[in-house]
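What follows is a pair of complexes built around chain A, which joins chain B in one and chain C in the other.
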Partner chain A sequence: MNSFRPIDLVRLSNKNELNANIPHERLKLQINENPMAISGWDQLFRLIDDTVAQLYDKSNTDAINSQFKQFIHNTYSEFLARFPCAESYWQKWLVIEYKLHNDKSKSIAVLKNAVDLVPGSLALWNDYLDILIDDYENCATPTIVDQKLELLRSEFPRAVSAVGWHFNADTLWDKIIQFELKLQLQSQEALAYYKQVVRIPLYEYSRYYMHFTEFIKQFDLEKSFDLNIFAPHFSTYGVTSVEQLTNEEKKTIVDSHYESLFQETQKWVTAVWPFESQITRQFFIPTEIEVIAQETSKWIEYLDAIILLHKESPTPVSFDFVSSIFERSLIPNCYNENLWLKYIAFINKYEVDEKAKDIKLTSIFNRASTLFIPLEETELRSLYIKYLSSTGGFSLANEYCFEWIKNLDGSTFSRYLKKPYLAFVGYLIDLWENHMSSVDLCLITLIIIIDFFDKVDSYNKKQEIKLVDSSLKKNSKFDYGYVNTLSKVLNASSICIIVSKHLHLLLKSQGPESYKAIRSFYNKYHEEDALKGSTKFWKFMVEHEGIIKFNINNLRSIIKFIKTKTNLPKSSVDALTDLVYDIYTSNYDAVLAVGQIDDTVVRHWNDVDNSLSINTDAFLRFSENNYLVDDIVSSKRPPVRLSKEEELKRLYKLNIGNPGIMVDKSPNVVNSLIFDGKHISLVDIGDGNNTEKLVPPETPMFRNVEKANQAIEYPKYLNI
Partner chain B sequence: MAKNKSVAKVKQQYEFLLTGDLKYSCDVWISYLKFTIDFIDEHGLTDLIALFERARKVIGFDYWKSEQFYLLYLQSIITYKPKNYLLIYYTLVRIAVEVPMYNYRVFHQIWLQFLGTLKYNQMKYLKMLNKQLQPQKTSKENLLKVSKLKWKKSLTDLYITTQYKSYELFKWEKQLANDNSIDIWKSYLQFVIVNYPSNYCESLFERALLEHSAESSLWWMYASWLLNQQKPMAARQTLYRSIKHLVQQESTIARLVDMELYARNYLKARDLLLGYMESTSNSGNNVILFEKLIMVELVVHANDEGYILGLFKDFLNELGAEEVEDTIGYICYRLSLIQSIDVELRHELIMKYSSNSSSFYKLAICYITQQLKQSQPATEPQKPNFNLLIETYL
Partner chain C sequence: MMSSSLTNEGGDNRMGFQHKNHQQSHFGGREMQRNNYSSFYNRNNNSSQQRYSGDTRNQLWMGDIDPVWDEEAIMNIWKLVGFQPTNVKIMRDRNADKAYKGRSDYCFVSFPDPQAVLNAIQKNGTQIPDTQRVFKLNWTNQSNHQLGDPGMRNHNPNSQTGGGQFSKGGKPEFSLFVGDLGGDVTDELLYEAFEKAFPNQILQARVMYDPTTKQSKGFGFVKVTNQTIQSNAITEMSGFVINGRPIRVGLASGGANRGGPITSTSSTSTTSSKFNTIENDTIPILQQYQPPLNQFTDPNNTTLVVKGLSSKVSEDELSAYFIAFGDIVLCKLSYDLNTGYVKFLTREAAENAILHMHGITICGCRLVVTWGIINLTTDEIIQPPEYQKCPPPPGVAGKLGPINMCFHKLTKEELLQLDFFRDNEPLTVPQSNKLYIARQSKVHTILDEALL
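The block that comes next holds the complex of A and B.
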């Protein structure tokens, strides 16, 4: 749960506006530190409830000042934007809004917003319709009564299509049918709803069937039911039109038609009951994330079983039914990317109407992408890009990519989310690759790279870009503005993706001569800091020189650079060293043929060792890339300035006996008899054949003796 | 004469012991030295000191037992008084005082006593007189007194320094006394490698190996360290020494083969490998040894691609179907890297195992196709197949 959500891209409440001296605003400030922790929110809501209860005066809505009202409004809307599926908090909110303003329309607005955001929630729809019905029934002004009825009648079908298939939707159906019957006993509307509900596998499916059979007795069957129901039976009764049938015959036909539908419904209910009975969490409860996660597998089993049933005999009814289970499962599991993808896959495969499919997919993609899926997970979003790209929306896909890149690169959102940011840069390049020839993309990536690295030499850069540019514009319909946009959002990590793509494209598009371009690219750019940290770049170079264009000299200098100069993680260096070792040992004849003494193979085990005292190349590498060393070296003037390696060695010595605590003054004998590496022999003193005469050792001289008993300075955070 | 003969025989036995892995054992050395002292004859003094010197190189830095050794050495010098014995004695005490050891106080006290008994002439001979005072007219007694005071101060400083170092090392020695584990040894060694000269490190490595001779990682660390000291020969010798102590010898043999090839001892490398393969059963299927065999044969049979390819074919055939996919995949990966065999031939052999799904096999396919056609015709861009991609999630 401790990851970022799309809501984190929007700044809802400004820190500076909150006053730490007011208790509820102080709590809100604390919540801002860790907005995913539910306990902080609950504490704040309790405080709000208590304060409202104290101040509440039914006759005077101004007893609570408007600033606090606004605060409550903002708090709830921020919380529910973060946890849109938390139904109980919506319900709390509407109550408190009503209390604060003594105005039903405020609560209606809250609920309308709620059912728009979470259309799969039965509880919210029930509340919404309840309050609308209540509003209509208590309305005294005749001029707007009709408006309210119209609103109700337009919301009923929305409710039915959103949650009418919910297994426990009887409350909703009852509400609607009862409302229509109240208006008119022989209500055509009620009949239409009945016709729908008897086909739906509800928990109380048989009750509706019983009511329905009783209810239709009041109607003229011929007018109320479709001709399609009667037509197949004409031959049985020897007639050619509905009018020729007797009332008895009509009734028999309608009854048997709905009887068979009833059996169909019963079959579905039997199929779903084992699953429905197992699922205990139908709602999203922020405090029960773990229970919900345990039940996810049950939902998936349920869905798999029902999809299988639908696959055997696909009907519009069963399609709607599966969709509704998806919508329901996505309330508790709203942050589960795989479940969303499963839903999308289902709609993509089984929705027959192409236009409806496009609308549905776009809506689901957008809902999941902008409301729920954590920012670190990019699978669904990448598939949306591919979806757009495959349905002809190249520019839409571009805009979508850029929007995300800008959101994640740290410029608009205060935090830089590296992993998804890099992923989107990668998706963008893949998208371009799917829309232009590799030669063109190769040029484009080259322009971007030149633009990124050659900032100083701007004249040459411009010349080069112009050259590439003009050849590109002739060939491509690609919007050149994208290149500039991308150039602006690149950083040292993302440029490596472009470089890696560029090199692969060079290899692909330039044929046997590609190695020249690749090598000159390497010579020009390999010392750039950005590339020193790119595993992809170095892996490409090692594979190129070691496998594709086998050149042992180049390979040696590349691996030497990797081991001693780059800024790659240890595991990457180890993997590359292993690969080079494998290449060397598989081609040892060629290595010997070069003639130079090459200890790459024998030193391999030193190079992968985890200890800096053994792995001397790693020591060099660290000294190149250590900010402490950089600081120290640049702060010293030449006479006392040491090389980076020696400086790190000094730091390392100070730390090794007691990691983290610098003991920088240890006593030493300067002219030690034993620690200078020489062995003074005491043999054969004074003999004629002894060339080295034993001489009295010099007086010892010391360094730092007076500091031997100094107290060690522990870092403050240790509290020693 | 009979006695002399048997003494010589015992010494021979000692020498034999000290050529092997007990070369660094303090107990053996001290016992040898004591035996030599017990049976010393009139010509034996030079030999004895030579023997002490040999021992000092090997066990002179031992944290616990070097004390015993230095005491014995000093005792013998006092007893037998070789030529220049005063200078030898003085130099030896001076050395012993610097060695960080458990009982570091002893030699400090010995030296204080020694200083107390020295006369003006002896001080002069040992160049221990304070030269700075000489220009002033002062009596011999005074000079002696002032010099001795000066030396006492110097001794105290030396004492503090050695004490500091002994305490520093005691952190590890204490842990080792409780728990003689390999990890503590390694951490100890790393500290010593950074702070002490190579002869000190070497003797600590040897001490560690006396405790953990079956630990290949320790032998490897030793060999790697020797390589860092630019001593490839010594590293090789160390690995040869390690073989008889290890249960799993393959990887050490493999590393030795690397080292022999580096030293251009091609045939020795081959003999080592084949000798080991013959001596152990079931080594025919060993991947590590096979890798090395290929490496050696590449050198010995350079330009004979049919022969090398044949080795691969045989090895793969012997593996059979019941072997894990990973092994076959790995062998294919190794084959894909060998540039001296024609790429078409390699490709053909690798493709025989196309049902293999291991990650190394995928790598092999990737590498071999890259070599096969180094340029691909520029293809038209292809739009992604969304239906296919999303299908997997259902």
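The block that comes next holds the complex of A and C.
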């Protein structure tokens, strides 16, 4: 549900332009609330279909106003930018575009866009070529006929390289070959396509082989086939050139050559058939994401088996074949990061030509990163950063990082995606670490940290930064402008990443003397709100004092601060408490040697308890972090002002009987009963003589009884 | 003043209006209008019987309704409190405000059976959901005496019987009201208790349940064979302890007849006391507001809604803050990243979490935590039109792991491997070691995988 796609970085439709009074625009507004929900889109497309069917008038394309046409166009293009692999929606779109404009060129434009975006889709290529052929054949203007043929001839090879290896690509091959044969019976183009197709393991592979053997009879074999086919056989026939061979001999040579190829193809088809027959979803269908997810494992088995075959006898043909299976599997599984990574690993390992490898990898990285992989998943993108930096593109890698950081930090994109944002900040620092000494990076991170926290006293800050800056040995390879750029995009969460890195670098670069710097850093910054929520920071400090320096006094004060003052998740606090408990118990002799005994070990299970009456430290922590308590405390003046803990207890009390709903109307007794020294002595009663002196206690008087019996006001759902 | 026999329809109607006159103080300025209407109504005495069509038995008079409400609105109000009235008839008044199509401020509500009428009238004086008004209900003359089902008084002054006697098909029945029942007292328990005291004299015992929450309303009715048993039971069974709680026993009808059977009643006293009966005495229990069942009142709801995240808290962080209170079934964020949904395995965990986390500031966000709804079957969060009762959370004996976990993050295999262990039972050394190591590894995972 929370998958944001790269498309979300570019908002295609402007929300303000939509009018909630028009049914389809209202639906679109609802979709904008959650554009990943396919049901909303389907509802909108049905409405569009119905409206178009109502208004449609074949003779008058203006029956539907241009505003609605534009709306339909925008809707489909936004949907398909989000789900580019949803073939059936492309097909729906081109039909509706044709209907609306009565203009074939609109449909052609849609399909051209489609095959550019999803080159691996056989169905879209089929549709595209169909419409181009149809357009060519029905063209009456002689001047542009040639242009159209030229376009067709240029699109054929693209189609073949994109989907020619598809197991069911016979429809495509038939289309192309028949088109060429229609133009000319002894078509050289058709022969060239036949030569290609007989080597491809298609479902109908034998049909093409049979056609081919018949088809070549019409040709002069010597001219039509490569010398390489004949050359190995010269010795057999005792000749030195092709001309010396008889036609019969040439035919035998060509036949036997292609027969061996046929057997090779047959071998491949037998190998792939068990897998091909199991896969039912070749397309991406937004409503069938679960079925597709189930089939992902089948695709992976398939790929593993074929990669193994390729590994045994690598040939360019088998390489192309594996690539084509990858491309195909990445249509239904286009959002699956692992499969993309597998593809990249395959290309990286098996592509021999370095230049081709670079082009292919860059293209795959770009396609996956900018079109498909959900924004929350960053592994492929981090791999791209490493790839860029390893191939000498350090500044490219930096720019790529910054671009993503800026896209995700909430300033340009309407949403702030915390997890990937933090990941990219981390990648950036890692990238820098590989390009400079840890001493330098340690100083750079210190500059960033001073810059972030010490905002008030700008004069002092500058002095301090200058001081650090002067000790920095400038590295000519590193552009120090990046430091400023990073400082500008940091927030209270990402600074924790920098702090954690800085501390580790301190430890690493300054050796045994590092503890001084670390402790002074702690003293200066540990009360910063940003760091109060950083598990990494506190873990580092606990490990530093508890394991590296083993200073029990420091450890004690740190864990006390963690338990009472920080804003960490309770699970983190519990984990740190566990860690301290472990340090204590495994070094108990040393702890005793310090002389001071404390209750850390005894209280351990109290300190991780959920009950605040047992876990008193947690109670302090919760009262420290509760804004309701803060508001109450700050609104009161002494003497009515209570401590934060007291106020929190009062707040908790309001929940009695109705957890989660604070009711300030509990009935209470207003008069004092037999207490306050008005006890009735049972001894007096026992006497039997003093009974008349006894005054019966007051009957209790209540307050708020009627109020308490009133209806509870529940918070309005979803409207807070 | 009126005919002695209440079977006379004219007399019935008159009686109906008399209790309305009794309400004058409630209606204030409208009094005149009402009197006009009542005289009009009296004049058209016989024809008026056709004015509210259908079966006029099993009806209740409902007053003080908002003129804005139409029949459907009133129908919905009753549905909201768990009743299925068969018909609602708002009386039209030609002098009333034209804007409301001449609707006056009272109506007649028909119910499918006498039992429903009996249940419905207990709503008298309680708040109408989502409004400031309260139910103002009364018997109609028809429902009063033409019925003889449990809980319905027989007002026939000539019958010479006391309260609590009902007749069904001419055969008298004697009922007792039993109050102060514990929530766990069932029909069987109630029957057993009375049967022990009066063997073979108990015809039926029934505990009243709230139709929406399916919980006991804390009272019931017991039918006995004769009047002697009835009066004996009142004295003998009052204070009898069933399941640890002393019960209260009285005549089922109460009213003017409280304090013992009255052998003869003048028609005037019956009619004039009628409204009082309903106001104060008929059901001798404290009328407490019964909230409709929703996410706030469902005792089985374990889903929390966390608002105010403003995209600064990731899903993992949210679960890290909430998981400390118990095992989480599901934790996710809404598409706009503003709202989080956390479903706990147990109610206890959810209650703890809502208590501690409401009002907490995390990552600079001020959290608002309330009870919520989540649809587990689809990936989209859909607000169902009506609240669906939650199934009770599964029984949990002990713990599932060394520390709490988030089930939706586990794979199917991991889920199947989960096993309960009791943390309050002695463990063998290997078990204990295994647990310790598992806890340690979990602790290190938490620390290593922390986002910040």
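As a working rule, the second predicted complex is superposed on the first by the 651 of 720 C-alpha atoms of A that agree within 3 Å, B and C clash if a C-alpha of one lies under 4 Å from a C-alpha of the other, contacts with A are read in each partner's own complex, and residues count from 1 in each chain.
Everything below uses one rule, namely that a contact is a pair of C-beta atoms (placed from the backbone, for glycine too) under 8 Å apart; a residue touches a chain by one contact, two chains touch by 3 or more.
Treat the numbers as computed from the prediction; the structure is a model and nothing was measured.
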Which of chain B and chain C A:Leu55 touches, first, second, both or neither: neither
Contacts of A:Asp582 with chain B and chain C, given as first, second, both or neither: both
Partner chain(s) touched by A:Tyr652 [first = chain B, second = chain C, both, neither]: both
Touched partner set for A:Lys539, first chain B, second chain C, both or neither: second
Residue contacts with chain A in the superposition, chain B compared against chain C: B
Contacts of A:Met210 with chain B and chain C, given as first, second, both or neither: neither
Partner chain in contact with A:Ile144 - chain B first, chain C second, else both or neither: neither
Touched partner set for A:Asn567, first chain B, second chain C, both or neither: second
Touched partner set for A:Phe346, first chain B, second chain C, both or neither: first
First, second, both or neither for A:Glu33, with chain B first and chain C second: second
Set intersection of chain A contacts, chain C complex versus chain B complex: 582, 652, 709
Residues of chain B defined as touching chain A within the complex: 46, 49-50, 52-53, 57, 60-61, 82-84, 87-88, 90-92, 94-95, 98-99, 125-128, 154, 157-158, 160-161, 163-164, 168, 171, 186, 189-191, 193-200, 220-221, 223-225, 227-228, 232, 255, 258-259, 261-262, 264, 291-292, 294-295, 298-299, 302-303, 333-334, 336-340, 367, 370-371, 374-376, 378-387, 389-394
Complex contact set, residues of chain C against chain A: 127, 129, 286, 288-289, 291, 294-296, 304-305, 307-308, 311-317, 320-321, 323-325, 332-337, 339, 351-352, 354-356, 358-364, 366, 368-373, 379-381, 383, 403-404, 439-440, 443-444, 446-447, 450-452
Contacting residues of chain A [partner chain B, same complex]: 307, 338, 341-342, 344-346, 348-349, 383, 386-387, 389-391, 433-439, 508-512, 514, 543, 546-550, 582-583, 585-590, 592, 599, 601-606, 609, 611, 613-614, 616, 649, 652-653, 656-657, 666-669, 672-677, 679-686, 694, 696-697, 699-700, 702, 705, 708-709
Residues on chain A engaged by chain C in the complex (per definition of touch): 1-2, 33-37, 39, 410, 415-419, 422, 492-493, 496-497, 529, 533-537, 539, 567, 569-572, 574-576, 578-579, 582, 610, 612, 622, 625-629, 651-652, 655, 658-661, 709-712, 714-715, 717-718, 720
